[in-house]
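Look for chain A in each of the two complexes below; its partner is chain B in the first and chain C in the second.
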Partner chain A sequence: MGDRFEPRIAVLCCNWCTYAGADLAGTSRMKYAPNVRLVRVMCSGRVDPAFVLRAFQDGADGVLIAGCHPGDCHYINGNHKTMRRFPVLQRMLRQWGIEEGRIRLEWISASEGDVFVRVVNEMTEAVRALGPLDWRTRAAMVVPETTHSPAE
Partner chain B sequence: MAEGKLQLAMYWAASCGGCDVAVLDVNEKILDIAAAADIRLWPIAMDFKYHDVEGWQDGEIDVCLFNGAVRNSEQAYLARLLRRKSRVMVAFGACASFGGIPGLANLHDRESIFQAVYGYTASTHNPEGTRPQTRLEVPEGTLTLPDFFDDVFALHQVVPVEYFVPGCPPTPKTIMTAIEAIVTGNLPPPGSVVGASTQSVCEECQREKSEKPVVAEYHRPQEVRVDPKRCLLEQGLTCMGSATRGGCGALCPAVNMPCRGCYGPMPRSLDMGADALAAMTTILEAADEETARNKTGRLADPLGTFYRFTLPVSMLRRAPKGPAVHS
Partner chain C sequence: MARIGVFVCHCGTNIAGVVDVARVAEAARGWPDVVFATDYKFMCSDPGQALVKDTIVRENLDRVVVAACSPRMHEPTFRKACAMAGLNPFLFEMANIREHCSWVHEDREEATRKAIDLTRAAVAKARLLEPLQSRTVPVTQKVLVVGGGVAGIQAALDMANAGLKVVMVERRQSIGGRMAQLDKTFPTLDCSACILTPKMVQVAQHPNITLHTYSEVEQVRGFVGNFSVTIRRKARFVREDVCTACGVCIEKCPKKVDSEFEEGLGKRKAIYRDFPQAVPGRPVIDREHCTYFQNGKCRICEKFCEPGAIFWDDQDALIEEQVGAIVVATGYDLLEPDRLRPWGYGRYPDVMTGIEFERINNATGPTGGRIVCKDGREPQAVAILHCIGSRDRNHRHYCSRVCCMYALKFAHLIREKTTATVYNFYIDMRAFGKGYEEFYDRLLHEGVKFIRGKAACVTDEAMTPEEQGRLVVVAEATTLGEVIRVPVDMVILASAITPQRDAPEVARRFGMGLSPDQFFLEKHPKLEPFGTATDGVFLAGACQSPKDIPDTVAHAAAAASTAMSLVFRGIVEVEAQTAEVDAEACSGCKVCQDACPYGAISFLADRKVAEVNGGLCKGCGTCVATCPSGAIRGKGFTDAQVLSQIDALFA
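For the complex of A and B:
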């Protein structure tokens, strides 16, 4: 390990499918990168784009949104709403200077513990390759002191 | 101080002058303002010197209406100076309140802006690569220019602000409501937005809206014949109304132009751009990922559309400085 950059990845996962899939990975003693911080939401459709922005603002290097496969949503079509927002969110983040690889949308069911492991490992390596986002430092705004009167 | 009259100052920073013109737009009511107030500073209309302002006592001004964002040393100096001289500081208009259109420059920094403006735009002719200098010695003396900042700031990011009057520009009704509140002392707690609504533009918009809106395709206003009765968003136009504070009377949608969001975010909004993104894309007619990607590709500039007036006060506030990482 040593000096290797360890990214911090926020995972916003739905209660009914992906969180259960992550649980399956755990109870099955599968190993995956310890770089993820899971946040359980009731539905991937509950993921306000502001949650993703807040994660980046607060120091996340990547954000993974994960929910039920289309057609399997516990609330019929909540994940479809996420599906429609995602391409615009990803493109908008690129305009902010946040690379596409730092955000990912995946459908992971309750029986797909192995998929959860693969996605988390893949994303960890992809974000590791991109390096730290370090938003607070790189996008800091400080008002310069100005004591000099323009009237002089 | 004059006999009990309201001591009023108005100043412009990084702005277009529209806010100052908007004050005149109240028409004959300007006489009521003049009757109630001594206008002590108003650079667009009368001649004043900064020396005069520096000579005032602290707190001598009752109300300062400050329009424009802050992006250079002169503007920051005046913001701090007027803050000291004024008992009540009002961020007047979208630029002072949220950064406004100039705030979009937070996607760049000073170097990349100078490269464009003094370098490669089609209308730039600058073979010697001259850049503005903050000081120049000439035989007659020293010439100075303000120092240009990397960042564009909303006024409250530079000095404490009591009230916000949104709009690009604020409508005459918003201005009169705000000024009457100030003159009568009938003011909400500091930090409030005055002269505007607490509900969205949609609440004031007279267009017909369906219970479950669906957008078939996105369009630009010039590409379609707009149905004058139906909700613009449902017709596929990028209307910011649902994410925007009302109070303007929904003037733009009334004339078939989608709301651009100049009254800023709704009360308790986390991030106006996120609100607009969610509102506009969630209701798209797309049952699979490929359709969603193809159809949303028609939204040419999501960031510029959703944060047109509020980039410096958004969650992310600015892009990282230095060369752009994206394409």
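For the complex of A and C:
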């Protein structure tokens, strides 16, 4: 792939819609950028802002949160909470100087393999254009470890 | 220290064709706690599963990771294999290196690197997995059927005949649904009431069926196997244990109201039953129209009711029922009338919908079964317009399935009863069912006129003397390639079958999804057209998509048998990956209570902490991410487990 910057992107997605949509992209043999790594939770409502921060801290250059379309959440309305948390998360990241294009929230259903592919490719290009995040050095001064320490 | 075994699947060439599976296994051997790693042709095959089982025993594994296809495919398979080898099935994790890797990437190096990453993340999570117990709970031996059309009736009778207790809830005064309104049914032309009413009576008399008509389900709580439902039984002001259904009150009641059953073409009284053969036969008083309720005077029904069944102080009753499964059979509605205006509906009295024609043609209907225009004359010519609002992006995109066939039925019946010329304006003739094409063929030979072309509009503006005083159907006849005008005296609109207007609300109440067309969404379009997104809630009949009666009955019987296999099994497994509050860490803020979509979190006032009801929790994890104190653990997806995956992928 030459010297092109290859961003690393975390996808935090729900089991029922987006994960299944990504499965469909696979069964349909669609091709997309190999820069993404999916982490499955049961509902997008499970996506703790701490997961996003940790991904950036660890070295991810972008994070995609994805779940079922509003109204289609397998758990009735878990994704409403995701929706409500997202602006807060965006604001937090903005304060820490993380560009807006590095975090994205998308609704991708189990039948939208093509949408999954499009979003992943778009995001890969957008983050590629932003360049490496290298957040550890950028934000070390401002940020505590994570928002709260895990229960364990 | 964990002892983890890693199994990398080739899936023939599906994975191995792109991913260097041997390298994945080799990489795994170098990770902490991995005591065994190998690759194998087909992990899901019998020998593949045996490999997992044998290795668990031989290597004394306490965690298993399979890198293969999507966990949505084979997670249950491998969990079972683990359990058979004596390992708790929740100590298993899968890495999806097929759907998410080999099938979507082409570069061998990139794909192999990704496969190693994904497997490493699965191992990281596996290290932190804990054994969980799947619990089973007993299933309540009773089923709720919502809607008493032919679908609900079929489902209820099937289950009741098998010995199950059934509670049926119908919102109208009588069961029967749309089929009760029909006159004859295609293609056999059986009398609809003759085949339906015996089944209605069976429902009413069945010792295993409790029937609540004039009632609606207000609330549903609980989960598969154990639903609690609240039914609102509307006040009917007639004592059911006293009323003999003699009907004298109906005769004497002076207040006339447009009859819903007659589609507003006929009248009913303020004390009424939907139709003469209504089940139950006991009438109800319609409070909105009853003169006594409106003006405080009348009470004529009371005077004539010999057994003294009228009961003015009646009130809505809320009934609680516990059921193991629910069959939703709420049927369909018809296209909004204002959308029919271009075809003259609401503007010209002799333009009617198909369901209105069913009533006009019925011996118990408003004209006593005579096919006549509003002025009492017999029509010289009748036009039946197909696809009104169906297969039309301005209205409903889908085909309503039954209209072509009932249009043919109407044509036949009109020709039987009158001397009128009958025109069918159609786009395509869809005669898909058993005996349907043959019925179409028969009609072609009965002298009915078929014009290929959708009717654009109906007007009374005459352009020739022949059109004077008549209704003119304007259509583009596609076979002729020209616009034609056909003067007639009566127009019947095959208006689209639509979802019930309250379908979104009902879907929400029962935890079902909606298709883009707003009919209820089935679990799988081919293999489970009667299941829904909520386990234990099933669909029957036209509420899922437009259906004719044979398809409705088959669908309903399938829903009933699936509900029965659930209920007769007697137990259901409940989610093991639930949430759990750490009482020590809980600050009592109650934020989680609002977050839970299932109301599974209660607040223990004495200890000032939240508690999750493991029976109600579905394991979505929303509360876990919401709790500001980090006091809730989402079993199977704990913070530590998810963070370990993120670290493994990006650190």
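Rule of thumb we're sticking to: the second predicted complex is superposed on the first by the 136 of 152 C-alpha atoms of A that agree within 3 Å, B and C clash if a C-alpha of one lies under 4 Å from a C-alpha of the other, contacts with A are read in each partner's own complex, and residues count from 1 in each chain.
Rule of thumb we're sticking to: contacts are C-beta pairs under 8 Å (C-beta built on N, C-alpha and C of every residue); 3 or more make two chains touch, one makes a residue touch a chain.
This one's a predicted model, so the numbers in the text were calculated from it and none came from an experiment.
Student: Who contacts more of chain A, chain B or chain C?
Tutor: Of chain B and chain C, more residues of chain A lie in contact with C.
Student: Between chain B and chain C, whom does A:Lys81 touch in the aligned arrangement: first, second, both, or neither?
Tutor: A:Lys81 contacts both chain B and chain C.
Student: Is A:Met30 in contact with chain B, with chain C, with both, or with neither (first, second, both, neither)?
Tutor: second
Student: When the two structures are overlaid on chain A, which partner does A:Asp48 contact: first (chain B), second (chain C), both, or neither?
Tutor: In the superposition, A:Asp48 touches chain B and chain C alike.
Student: Which residues form the common part of the chain A surface touched by chain B and by chain C?
Tutor: Chain A residues touching both partners: 48-50, 54, 81, 85, 148-152.
Student: Which chain A residues qualify as touching chain B in the complex?
Tutor: These residues of chain A touch chain B: 48-50, 53-54, 56-57, 70, 80-81, 83-89, 91-92, 94-97, 99, 135, 138-139, 141-144, 146-152.
Student: Show me the residue ranges of chain B that touch chain A in the complex, using the header's touch definition.
Tutor: So the residues of chain B touching chain A come out as 49-51, 54, 70, 73-74, 76-78, 80, 106-107, 144, 146-147, 149, 151, 153, 157-158, 270-271, 273-275, 277-278, 280-282, 284, 286-289, 292-293, 296-297, 299, 301-304, 306, 312, 314-322, 324-327.
Student: Which residues of chain C touch chain A in the complex?
Tutor: 70-72, 96, 98-100, 103-107, 110-111, 113-114, 117-118, 121, 128, 508, 511, 513-514, 533, 577, 582, 585, 595, 597-598, 618-622, 624-626, 628-634, 637-640, 642-643, 645-647, 649-651
Student: Which positions of chain A touch chain C when the two form their complex?
Tutor: 1, 8, 10, 15, 19-20, 22-23, 25-27, 29-32, 34, 37-43, 45-51, 54-55, 58-60, 71-78, 81, 85, 117, 148-152
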